[in-house]
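In what follows, subunit A forms one complex with subunit B and a second complex with subunit C.
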Partner chain A sequence: MSYIAKPSAHHPALPRNALGLTRRDYEGSMSTLCAGCGHDSITAAIIEACYEMDLPAHRIAKISGIGCSSKAPTYFLSRSHGFNSVHGRMPSVTTGANMANRDLVYIGVSGDGDTASIGLGQFCHAVRRKLNMTYIVMNNGCYGLTKGQFSATNDKNSPSKKGEANPFDAIDLCQMAIQLGAGFVARSFSGDKRQLLPLIQAAISYKGFAFIDVISPCVTFNNHPASTKSYEYVRMHNMASENKLDYVEPKEEITTDYDEGTSTSVELHDGSHLMLFKVGEGHDPRDSDAAIHTIRTNAAKGTIVTGLLYVNENQQDLHDVLGTDERPLNGIAMSELCPGSKALEAINARLR
Partner chain B sequence: MSGINDFVIKFATVNGSGSASANTMVAKTLFRMGIPVSPKNIFPSNIQGLPTWYEVRVSEAGYVARRDGIDFMVAMNPQTYAEDLAEVVPGGWLLYDSSMPRIWPRDDITLLPIPIAQICAKQWTDARQRQLFKNMVYVGALVELLSMDMEALKGVISDQLKGKEKLMAANLQAVELGRTYAREHFSCPLSIHARPAEGAKGKIMVTGNDAGGLAAVYGGATVCAWYPITPSTSLPEAYEKYARRLRVTKEGKRLFSIVQAEDELAAIGVAIGGGWNGARSFTATSGPGISLMSEFLGLAYFAEVPVVLFNIQRGGPSTGMPTRTGQPDIISCAYASHGDTKHVLLFPSNPTEVFSMGAEAFDLAELLQTPIMVMSDLDIGMNDWMTDPFTWDDSTEQSRGKVLSAEQLEAFKTVKGKPWGRYLDIDGDAIPYRTLPGTHPSMGSFFTRGTSHDEYARYTEDGRIHQRVIDRIRRKFDTAATVVPKPEIDIRDKGCKTAIIYFGATRPAALEALDELERAGVRINAMRLKAFPFSEDVKAFCDAHDHIFVLEQNRDAQMRSLLITEADIPATKLIPMLSYDGMPTTAAFVRKAVLAHLHPEKAAAAE
Partner chain C sequence: MQASEIAARSRRRGRTPPTDISDPQYFHKVVDCQWACPTHTPVPEYIRLIAQGRYSAAYMLNWESNVFPGILGRVCDRPCEPACRRGRIQVGDEGNAKDPSKKNAEPVAICRLKRVAADYKGEIDSFLPEIPTQKNGKRVALIGGGPASLAVARDLMPLGYDITLFERDPVPGGLMRTNIPSFRLPASVLDEEVGRILDFGVEARFGAEIRSLKKLLGEGYDAIFVGTGAPKGKDLELPGRKEAAANIHIGIDWLTSVAFGHVEKIGRRVVVIGGGNTAMDCCRTALRLGAESVTVTVRSPRKVMKASDWEIKDALHEGIPILDNHAPKSFVVKDGKLVGMTFEKMVQTGVDAKGRPKLEASGEIVTIDCDDVLMAIGQENAFPWIERDIGMTFNEWGQPAVDRRTFMSSIPGVFFGGDAAWGPENIIWAVSHGHQAAISIDAYCHGRSLVDRPKPGHTLVSQKMGIHEWSYSNNYDPQKRQAVPHATLEASLKNLKLEVELGFDDRIAAREVERCLNCDVQTVFTDNLCIECDACMDICPVDCINFTENDDEADLRQELRVPALNMSQSLYVSGPLKTGRIMAKDEDVCLHCGLCAERCPTGAWDMQKFAYAEAQAASACLSHHNAYLG
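Then we have the complex of A and B:
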């Protein structure tokens, strides 16, 4: 980890996006995670995604729980408000924040301990509520901050650094998310920025609950060759469900010719598209049963399927369900919210 | 003592038999006759089958505390015949269903046998109707026995049957059957009975939870998350009921959001997320929920996030007595969460105050940027109270506290002479300025965290900074003491050195006891606490008295502990007066406890 404060000056010739901002404007403070931590690569991908999408950083809220992963939001988007809440409770805080203001982009960052153990219940219910958010799990299969205990996503028999085999079955968060009704479910790898970047962009564009489980090796406690969450293992066993993903922004035209039958275009709510280029037989990402089947059959062989696993292009979000006003509730004047004395007289009359 | 417009009637029935609505009709009818009433629903943690009771105290003098000594028992539950019989005062009455012969081993009361089941069996063939109308038959008998106004009763029945008008005729028929039987078999009315009065005129009858839901609507809450738990459930339900009526745009869009969370942890998490993001936000719960919410309350305290929590207290510890009342969460709420935490508590004493203090809680939460807990209880929350109507001053502007707009952020340094920092005390009141997500493209963003932070919200492990920040948050509590509701002080005798401190639902009992004591020649002073932290007046009052009873509904004299620890009141002058059997405290309890201490001889004579 580094102790140096980031210099705020930057080269005047840095490229700028449509908002006139550089990548540097989307960064956060210096990471205090271990050198080589997968989480820092995910951080870089989030920065890149927001920069490329020309998102105004102050219209993004980043919310996390507790753990190495949950520290990460400090390291990106310093112009966004962030909320490092309590362990496993990022989903509920994000739910309340989203209810208060439906107009912001919500990026929730969590870890495998934060989501698959202490926060499993909150994760499930945020999915059920179809919260409009991007939920990223930085999944390293262990508790880094408390020195490497197994987490619930560590594969059975995958050993600890000391060589002790994990006796328990792993929880597969993508399978759970699909079963619970998440509208956008993807898995990726922190070492594969080419795949991760378009997935993050598409997840942000998606209106509804978008979940990305990113395998993100813990270089200090879970990166030994026998671990199924190590860089080496994931590189050897990563079976991308597409050989290429392209995120096409709403303003762009889809110009490339795609071969019939090998590509799928997923339309997102803001008019952007995610182009998927299949490898082998793959599966139809609109078919949730097929998605679960692909994950399970590959897992049985020891391979990890990555890419967009499932998408439902017509999901309603929590505000659709609740029937709330289009305006953010936190911006409505008290005068409009308070019914006043006359209405109260009528209520009193009914209670007499 | 009992007589016209001064008696207690109790209904002993079976839960789920439809008796609750019939009993409410009796209370409401008396209320509409202008007579002060106070109904208490004593119900089991059960949906069907267990015993349940409903007491109605009638008091022309306007005393609405619960009173022991049942003058009239409507004994409709064979499971509890023995205890119900024992509760009737000598000279009292007991009405029962005499369809099955039964011997009542007491000769000092008057029995009022009515073959209710037989009457119903003759009239109706449907089993459900036979059961439901039994209740209306005894209501009819009471019309005659207690001289209740039939027109008032008709109005109450019609209100209750809104949307089910075709049932009106059958209900009235059942009432008539009861009336006829009573007229033909008993000398009506009894010596205790009702007559039109003035004391209830202008008042309303409402539960505290209904008032709390309404308070959240008037207080501007737009985010609510909750988890079902007795006795708080009906508060968020009332919020939704009123909001659906009062907070929907012409286009049918809602200006509120409510989520039934997966547990109390999530409920408070959602409320805090909403408060962080600038919405007025709340949850409601009871004791076990407070335990679960404690971690989050510590976060909101330390990260200074406004949020409102209604705690409808019930008997503890653990699951305790979910359907009985108490004030056992004073300390767990005042200091909820680990580390050095302190929270602002408000103590409403009736539904009218749940409304006013509940709405005020939202102002205070944003003003002080901290959780505010409204400490109601099952008695206030779930029982109907005869209380003053709700009032609202349209001219009061509800302050959103120190929240900076984009323009204010840009001008901050010029105006305040210092750059903005989320946790900087600029004004000397220990309340910093906050910003909301989405306000400004390049200014005012910060990272909210429960880890230690400096004045600019940056992570720190520097102990000196940590101490500085938590000291400033403690000073904010001094500011809180100046803005929370002031105590209600009642000086009955300027020279008197004896006093009583009370708060919340015990107010009617305390006031009645003070009157009774005064009539018996014992005058003592009183102070009703309305909030924690304690204002200067609390200390001054205690300083002016040598013997102070502290009336509270818990075993461990928790408010007394707070007075000792937080207001530096010498323990020796604070005399615990504790009632914690789960029932609303009676004036007799207070009076006896005062007398036993001050005048043991008078207390003995009174026994």
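Then we have the complex of A and C:
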């Protein structure tokens, strides 16, 4: 962390979005994470995504658990709603919020410890329920906040900084998410904003459960060359199967620059598109089996597939499934929300 | 990202080579104020010294560069201020006097801080260079006692030269004495700083006009320096000029007469013709000599007036109207006496190739009644005392040809500087010429090459004190530029000698110093340490830093996070990084806040103080600079 606040001055020619805001208006307070932490880079990508999508900050809720990663929401969107919850409990808090107000954009931030250990059950049920949210795991293969113990996503062949071997196999959160029915599953790398930014934009546009596992090196405890979560390793083994991608906003037209044979367009619920450019073999991101196959075969070779892994363009979200009211609870009159003891008695009478 | 950008990414790209930061001029240019200062005064260093209350050291650092800190801290033309980076970052509320629709940029008050160093300094005699009692046997003649000649004397005396200064006037100082009014520059300040140089043992002869260069050349000097200024004010030959001569005055001559007390009053209604600083001094002086109404007329629109913004403001503040687009036509004479002037109003019809307004006469004639006219329409060099048969080459404008690098004329051993060299400039340029001429004179007298100029001194030293601690105040202070207190208008207009600007006191100065961005503390990047984590790019408050594919500079500038459109500012480009990309930093609006270096996990960025000092003839004059160069 720094002793000085980030200067209020910004570049005089800094562009403004449709709301008249600059990128700087989407920042939070000064990061207290270690210098070079991947989480800060993801923070910057979230700021950029919200700025570019012209999102009004007060229509966004950012929710997290516990960990360095879960501290990150403090460092973006200082004008949004926020809830820094309990370890592993981000999904249930988000579920509650989302049920109460379906009109907000939900950005959940968690860590690999927060999600794959203590919060694994919570994670599974948020996926299964198809909660309309963007779930970002800042994945560094360790518990950064508590001094770098192995997390459940640390690869078996990836030793600790001091050289200790990791005796357990890793949990692959993307495979789990696909199996549990997530509609949008992607993996990315904090050091590759060109890929990460459009993925975050698409995930926010996606209506349903959108999951992004972002490999995010912990410079302090897990960035040694032998670590499979280090900058160096990820850069050398990143098989970006859909490396080049592009987010096209609803108002923009898709131009013919996109080459038919090598590109796929994924339409998102708000009319925006994610354009995918295949390099090498690739797989059809609409085919969940193929997605899991690609992840597994690459992992066996020690390579990491990043990009959009799986998408179901027709997923229904939890509100659709439950057939809830179109309106957020705060838009429903008290008399309707709480019809009173007479109504309760009538219900009870029906059950007797 | 747009499809067109994707297409752009796949086209063949050019390449910008890595920046050579071993060239001292690279980082020198980043220090906008120092780069813009003709004598390259280390501004941020003296501002930090003032912040620490080390006024004498701040004064000496100035004195070594610019010779007249007390004078320049009041009346310098201050080219550093429009160049100051702070003015590109914070634009203030204050309207511009030339174009009220424009807001003034708010550079650091560099000039006023210089005055603080002069006003608050303690005893400095012990810091002055030693003057050898054993002379070096070389005799140099200086013609004119203005800032150019005095700077030459300051630089050569510590080397043991025997110097004779010839001045036509009874006192030294040149136009600083005779033309800059004492309500802007008190005589005491002038006496102190000019006296300091003469006290080095210069043989000064006053009332000694040089009437023949040929004769002087025969007197056996090893070198001669011509620092006679541009002493001739331009005249306007209009109808009525002769008849009204008694009430028509050449501005600079009139100001000289006022300075020497030969003129003590002026008519009731005065018209000043001209839009430069001389016009501003004339009108304000006329007001103090008792004129009831003073009007300034300018031929061109206000926007392109030559006078400095702050001088125009001061005149306006004293209630003097400035009428622009007024072209003088004739002097109106009645009964053999001046009673007014006629003007034809001009209209702007467009702009010429250089962007200057094109003017056309409108046919509308305006008469302004007046009792006296002051003409302040420019100066010319005049050298009636240089014979044309002594081998001096004159150029197509009838001026002596002077080499831009060595300051020597076509007669070996005869040097020029100040306004005499290439026409009217200002004090700080005169001093800069003086330094360069002194280097040449010393080389000439010792048979060394004049073309091989001595190199500047420079160092680059890390300022890191701890993980988040730097040896300079790196915090950005959003404070607005501090205003300078003025004497009351009522008191000022009654007293020709009362200094109008009171200067910053230590409390105002303490606020203003914090506005300086320490542009000399450089962001230094070591490419092989970078792991491309983006931390610096993400933290940078002004989006200077980019990680991108290389390209030729013109395209690279367009492709940055915020396009680098200020072509006067450099791009700092690294060699290829591990991913094959490069780091490209636009120096334009970097705040030197050090956050990039604080957020860098590998120390690839460091904040390093770049100290830079121009070479001078006598290194004895550079003792503070040498300490600062470490």
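Keep this in mind: the second predicted complex is superposed on the first by the 327 of 352 C-alpha atoms of A that agree within 3 Å, B and C clash if a C-alpha of one lies under 4 Å from a C-alpha of the other, contacts with A are read in each partner's own complex, and residues count from 1 in each chain.
As a convention for this text, a residue touches a chain if its C-beta (ideal position, glycine included) is under 8 Å from a C-beta of that chain, and two chains touch if they have at least 3 such contacts.
Fair warning: this is a prediction, and the values are worked out from it, not measured in the lab.
> Going by the contact rule set out at the top, does A:Ser92 touch subunit B (first), subunit C (second), both, or neither?
first
> I want to verify the contact counts: of subunit B and subunit C, which reaches more residues of subunit A?
Touching more residues of subunit A than the other partner does is B.
> Kindly classify A:Gly191 by the partners it touches after superposition: subunit B alone (first), subunit C alone (second), both, or neither?
A:Gly191 sits against subunit C, while subunit B stays out of touch.
> So, does A:Gly111 touch the first partner subunit B, the second partner subunit C, both, or neither?
neither
> Taking the superposition as given, does A:Gly82 touch the first partner, subunit B, the second, subunit C, both, or neither?
The first partner, subunit B, only.
> Using the touch definition from the top, say if A:Pro12 reaches subunit B (first), subunit C (second), both or neither.
Touch status of A:Pro12: second partner only.
> Could you look at A:Asp103 and tell me whether it touches subunit B, subunit C, both or neither (first, second, both, neither)?
First partner only.
> Is A:Pro217 touching the first partner subunit B, the second partner subunit C, both, or neither of them?
After superposition on chain A, A:Pro217 lies in contact with subunit C alone.
> Can A:Asn330 be said to touch subunit B (first), subunit C (second), both, or neither?
A:Asn330 contacts subunit B only, not subunit C.
> Report the residues of subunit A in contact with subunit B in the complex, numbered from low to high.
56-59, 61, 63, 73-74, 78-86, 89, 91-101, 103-104, 121-122, 124-125, 129, 318-319, 322-326, 329-332, 334, 336-341, 343-344, 347-348, 351-352
> State the interface residues of subunit B toward subunit A in the complex, per the touch definition above.
Checking each residue of subunit B against subunit A gives 32, 203-206, 214, 217-220, 222-223, 225, 242, 246-247, 249, 252-259, 261-263, 265-279, 281, 295-296, 299, 389-394, 397-398, 400, 435-442, 445-451, 459.
> State the interface residues of subunit A toward subunit C in the complex, per the touch definition above.
Touching subunit C: residues 1-15, 23-24, 31, 34-38, 40-41, 43-44, 190-191, 193-194, 198, 217, 219, 231-232, 235, 244, 246-248, 252, 254-255, 257-258 of subunit A.
> Can you check the complex and tell me which residues of subunit C touch subunit A?
Checking each residue of subunit C against subunit A gives 1-4, 6-7, 88-91, 468-469, 474-476, 478, 531-535, 537-539, 541-544, 562-563, 565, 578-579, 589, 591, 593, 595, 598-602.
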